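First subunit A sits with subunit B, and in the next complex the same chain sits with subunit C.
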Partner chain A sequence: MDIGLIGQHIANGLMMGLIYALVAVGFTLFFGVLDVIKFSHGDVLTWGVFSAFSMYLLLSWMGFEHPVLILVIVAIVSMAFIAVLGGVIAKVLIIPLKGAPPLNVLLITLMLGTVLRESIRLFYPDGANPKHFPALLPDWSHSWGNFTLRFDNTVMLISGLLMIVLVQLIIKRTKLGMAIRAVSQDEETARLMGINFNLVVYITFALGSALAAFAGVTYGLYYNELSFNMGLLLGAIGFSAAAVGGFGNIYGAIVGGFLFAMLQTIGAAALPFASAYKDVFAFGVVIVIMAIKPTGLLGEKETERV
Partner chain B sequence: MKLSKILCLALVLLMVLAAAPALAKKTVKVAFIGPLTGGVSAIGVGGRNSADLAVRLRNADPKAKYHYELVSLDDECKPNSGVQVATKAAADKKIIAAATHYCSVVALAAVDVYHRFGLPVIVWGAVHPGITYGNKYKEVHRINGTMINQNEVAAKFITGLGYKTWVLLYDTTDYGKGMHEYFAKYLKKNGGKILGSFGVNADQQDFTAELTQAKKLNPDVIWFGGLTPLGVRIRLQMEKLGIKSQFQSCSGIISDAFITGAGNLAEGTIAFREGEPVENLPGGKWFLKEYEKAGYKEAPDAFGPFAFAAMNLILDGIEAAGPKRKAVVKWLDNVKDYKTIVGSVTFDEHGQNISPAITKYVVQDGKWVPWKNSEYASGKRKLKRR
Partner chain C sequence: MTSRSRASVSFLPALVAVLLGAVYLVFFLAGESQLEIFGLLLGAGLALFLLRRARVLERVGRSAKDHSMAFATAVVAATVAISLYFYDDNFVLFLVATVLVYILTCLGLNIQFGFVGVVNFAGASFFGVGCYTAAILTKHTATPHLLILFLGGLAAAALGFIVLVPVLKTRGHYAALVTIAFALLFKTFLEVNDTLGGPQGLKCDGLKLFGWDVNQDLVIGSFEGSFYLGYIAVALALCVLGFILARRLEDSWIGLNMDAVRLDETVSACFGQSIPRGKITAFTLGNFYCGVAGALYAMMLGYIAPTNFTFGDSLILLSIVILGGLGSLWGAVAATSIIILMPEKFQVLQEYRFLLFAALVIAILLFRPQGLLPRPLRGFLTLRSR
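And now, the complex of A and B:
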């Protein structure tokens, strides 16, 4: 295998890994602050892409022509809208079920995911069919043998990593982050210290959901396609990535995301079996890792949750 | 007072008599089964509307012996759901016959049910040979051709254009595997060289790993055997990786949704489908006019005319043989040179329509255009060459 080909596989894997990591960080945030697994996260991402696409159609209809300006507006509006959606989900479904068995939250969010997904299929115009997401970044590229470096992919990768760093900074360096960490470690003490528990939960869910919207826009730009059921597998992979990295640990989610993408790439490109088995291979390895290290690769340290 | 009572009675009597012919018609139930939800639902809904149109037109015909009621069921393009709805339709004794399935995987799973319950069905879209040739079920018929005919024509045509090497991608359902098997077989027969084959998941989103491998193999053509959603993804991701090969596929992607999803990149895509384009058929323009008149929100899409023809054939069978399942099966057995809007229909001993013409299509300016009418055939536009 030549170096160009290996480089291309690595570049592909990095882009996939970034999207998975962004989804996994959302899962880990929710688990960290409230010990819940929100299974509708992948479908929230789908809503993010569809809201971005709708905003794009609106701007095009209004006559906006500058693609980068459109992209910035589309991304901000989509993230804001999905942040509100995340907050509403927390208020209406998650907080009222606090104290209920975890299985109930899991089931309710699973059902919510179906509702979100099917609502696009049924009510979005021509929602059952795949749609073409516009290329809003310049498509400059340069090839060295089998390796093609694309400008748009590079921008997406850098901005995605900056987004994860930003979330990390919010959690580690701001008062809000301190409140989130306090709630995640000891809810009762946090309440006694005057922290508004419900508000912190809403904000955390809004933050994680906005991150999913960002991942969704990145997905749309990378694949130039959106469909109502795109969140289903992304949700399952994001969840697995968070689990294999260690729930409640942001670094774990990032490691898990990139690891999963790498396993898929190896499964498709380097192993002798048909590439249809690449997901079986990737999930299989995740099962083995979970069996060996049930708390995930980086583990869930009680003192460093979220 | 008495007179007015008599007048009233006479009026009621008159109304009853006037309504009598309509009331005298027995209601007969027929069914349509297809993917009304999910990724290929645009084709399923187009098929359902077309079957509904056949029923509506028949009910409006004063010569029709029966009044028909259409039962529409959703197989979701999933075998388990397909078997459930097939059982539901077959177990309802009031349903006399059905136009069934676009997805081969579903049709393959459901044929046993139709046989067990003795329900005559006409498949309106699924192309796997095993649906008709894999059994000896008298109840199962198919109006469209099989993937054998399709791939034989496809391989001969594409090698005739001077292409030499291929990378094949296919989904690992029975449909994709069947397409791959027959296309590869006929490709080799026509001197085409296969550089690599990749089986992929039917719900896979990322194809960059497979396409990176394909790019290294540098084929003249990348061929895909599967349905629209994957076809869209593969075409878009080919471009992202800078692959310059020609894109070729099968009947599974011939839908308006492929063009909407792939946008400008759909241009120049080649695919093959059974039957003449509906506009070119004697009854095609009439069908499109009636479809528009009926005011359906969704387009008939690529397989609507087949669903219409299948349902029309069923209704003709019930009219001729009576509303009994066994009688309809027997009637369908003897269908020969029957004129429908998708062409002449003759069922062989397996219930397969033996006269399916295959049409070659190319996407030109956002439309599936028959190759012979296209600017690519006339030489005005060029397909991709490495």
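And now, the complex of A and C:
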């Protein structure tokens, strides 16, 4: 295999890895602040893509022409909408379930994911069929041999990385981030220090959900397609990435996301059997990693006292 | 020791309840119009509510518990009676057989999740292993079909060993991840593997038992019944066997150890119990149940495809277990009947069924986390000494 093709695979892998990492960071944020897994995250992402698509339809119906401007509006509106949705989910389902067994919460959020997914299929106009997501970024590209560098992918990659850095900065540098970290360390003490616990949880869920919406828009731009059940696999992959990296650790989520994408790329490109097995291979390796490192590669934020 | 000191209740309330339930089911299954079904559902809900207010359900429950053997026999007899009543109605009999197959599967999941607390998000996958084993063996070999049922279970149990190490080593969310990953892996694998038929799936021959072709309509003298009656008989026998085994397991010291492992691993380890042993037993046995059920289901359907074994189906199976009440065997039976029959008969629900299941499970987990028929506290009396 020549260098150009390998480079192309790596570029594709990076793109996917970025999307997975964005989803996984959401999982990690939720787990960090409240020790819950919100499994409906992938379907929240689907809602993000569909709200972006609806916004696009609305804007083009209103006569907006400029694609980049449309993209910016679409992205911001869908992220804002999904952030609100995430906050509402936290308020209605997650906070009331704070003391429940973890598997009950996992199952409830899985079922919430089904509700979100099915409501798109049943209630969105023609929701059962895949739709075409518009290419809103200019399609400049440059080729070196087999390697084609596409301008839109570069933009998506850079903006996605900026997004992760931004979240990292929010958590490490701002007062809000300090509150989030305080809550994730010790809820009681954080309350005693005058932190509004519920508000911090809502904001964290809003933040993670907005990231999912961003990942969704990126996914839509990259694949030019959206369907009601795209979130199930993406959510599962994001969850796997977060678990493989180690829950509650943002670096772990990023590592896990890129690792999963790399596994898929290897599964598609380098292994002797057909590329259709890439997911089988990637999930198989995830299971093996869990057997070797039961709490993820980078470990959980604190060890259990047993 | 309360059950010793308190006087035994007569069996009459439970018997009446089974009879009424059977009559209700006959009306429900025979109901043609949607309005009729809706009325029946509404009536059942209202009646249950009123009976609960009047504390009748409590007495029924106690009498069923005191005469568990007689109660079980009555339920089996009622199932046979219902099937015979609809002797030539293929669709209804198919529903009854499906319910029985799913009951067997959910009993298996109950052993895993309800007894030892090993959550299995890949129930439909192990069910699928049984299906594919049956399809391949009936097509390409001359293995006796009764053995195929057993081999289907064995194959599912064996495949479970693949994820056994991570299942044993991980806990909570990480353990959930392992089975979720396995479920997704399994379905993708089936879809892309051309040897196993790819997305089109495989055909499967019907069940043959000792020269009796179950796929042929039943003719005994002047009685002519649908061939599904044969499948119902086999499924019912398997269900009874599975139920007895699960009940014996629960009542044995193994079951007691399993409960201890579920409730507190650390403490049970301190008392010298082997945690992996309980988990391995339950996980393997549960998968065996799923595999046997799958093999029978494949033979009954005659055709299987990967779309039957999606992650969503695993979720439905798990919701049945939770809906019935974790570890409650009768709860699993009741919940399976509700979940399988309701959407089939209530066509309006058909399109919305995933949505409604999901909403229902959310509501139950929020407002009644113990399920419909919560598992009673252990009486510390074995079946024999009661």
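Keep in mind that, in the parts below, the second predicted complex is superposed on the first by the 302 of 306 C-alpha atoms of A that agree within 3 Å, B and C clash if a C-alpha of one lies under 4 Å from a C-alpha of the other, contacts with A are read in each partner's own complex, and residues count from 1 in each chain.
Methods note: a contact is a pair of C-beta atoms (placed from the backbone, for glycine too) under 8 Å apart; a residue touches a chain by one contact, two chains touch by 3 or more.
Everything numeric in this text was worked out from a predicted model, so none of it was measured.
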Practice prompt. Please tell me, clash or fit, for subunit B and subunit C sharing subunit A in the overlay.
Written response: clash
Worksheet item: Just subunit B (first), just subunit C (second), both, or neither: which does A:N12 touch?
Response: first
Worksheet entry | Which superposed partner A:F247 touches (first subunit B, second subunit C, both, neither) | second
Worksheet item: In the superposed arrangement, does A:L34 touch subunit B (first), subunit C (second), both or neither?
Response: neither
Practice prompt. Go through the superposed model and pick first if A:L233 touches only subunit B, second if only subunit C, both, or neither.
Written response: both
Discussion item. Let me test your reading of the model: by the given contact rule, A:A206 touches which partner, first (subunit B), second (subunit C), both or neither?
Written reply: neither
Item to complete: Examine A:A276 and indicate which partner it touches, taking first as subunit B and second as subunit C; both and neither are also allowed.
Response: both
Discussion item. One more residue to check, A:G284. First (subunit B), second (subunit C), both or neither?
Written reply: second
Worksheet item: Looking at the overlay, what does A:A21 touch: subunit B (first), subunit C (second), both, or neither?
Response: neither
Item to complete: Classify the contacts of A:L103 with the two partner chains as first (subunit B alone), second (subunit C alone), both, or neither.
Response: second
Worksheet item: Which of 133-141, 169-177, 259-267 or 313-321 in subunit B clashes with subunit C after superposition?
Response: 169-177
Discussion item. Counting contacts the way the document defines them, which residues of subunit A are shared by the two interfaces, the one with subunit B and the one with subunit C?
Written reply: 232-233, 274, 276, 279
Worksheet item: In their complex, what parts of subunit A are in touch with subunit B?
Response: 2, 5, 8-9, 12, 15-16, 121, 126, 128-132, 141, 143, 146, 148, 150, 222-225, 227, 229-230, 232-234, 264-265, 267-269, 274-276, 278-279
Worksheet item: Can you name the residues of subunit B that touch subunit A in the complex?
Response: 37-39, 41-42, 171-172, 198-201, 203-206, 208-210, 212-213, 215-216, 228-229, 232-233, 236-237, 240-242, 257, 260-263
Worksheet item: How about subunit A: which of its residues touch subunit C in the complex?
Response: 31, 37, 93, 96-97, 100, 102-104, 106-108, 110-112, 114-115, 118-119, 122, 232-233, 236, 239-240, 243, 247, 274, 276-277, 279-280, 283-284, 286-288, 290-291, 294-296, 306
Discussion item. So in the complex, the part of subunit C that touches subunit A is made up of which residues?
Written reply: 119, 162-163, 165-166, 169-174, 176-178, 180-182, 184-185, 188-189, 191-192, 266, 311-312, 315, 318-319, 322, 351-352, 354-355, 357-359, 361-362, 365-366, 369
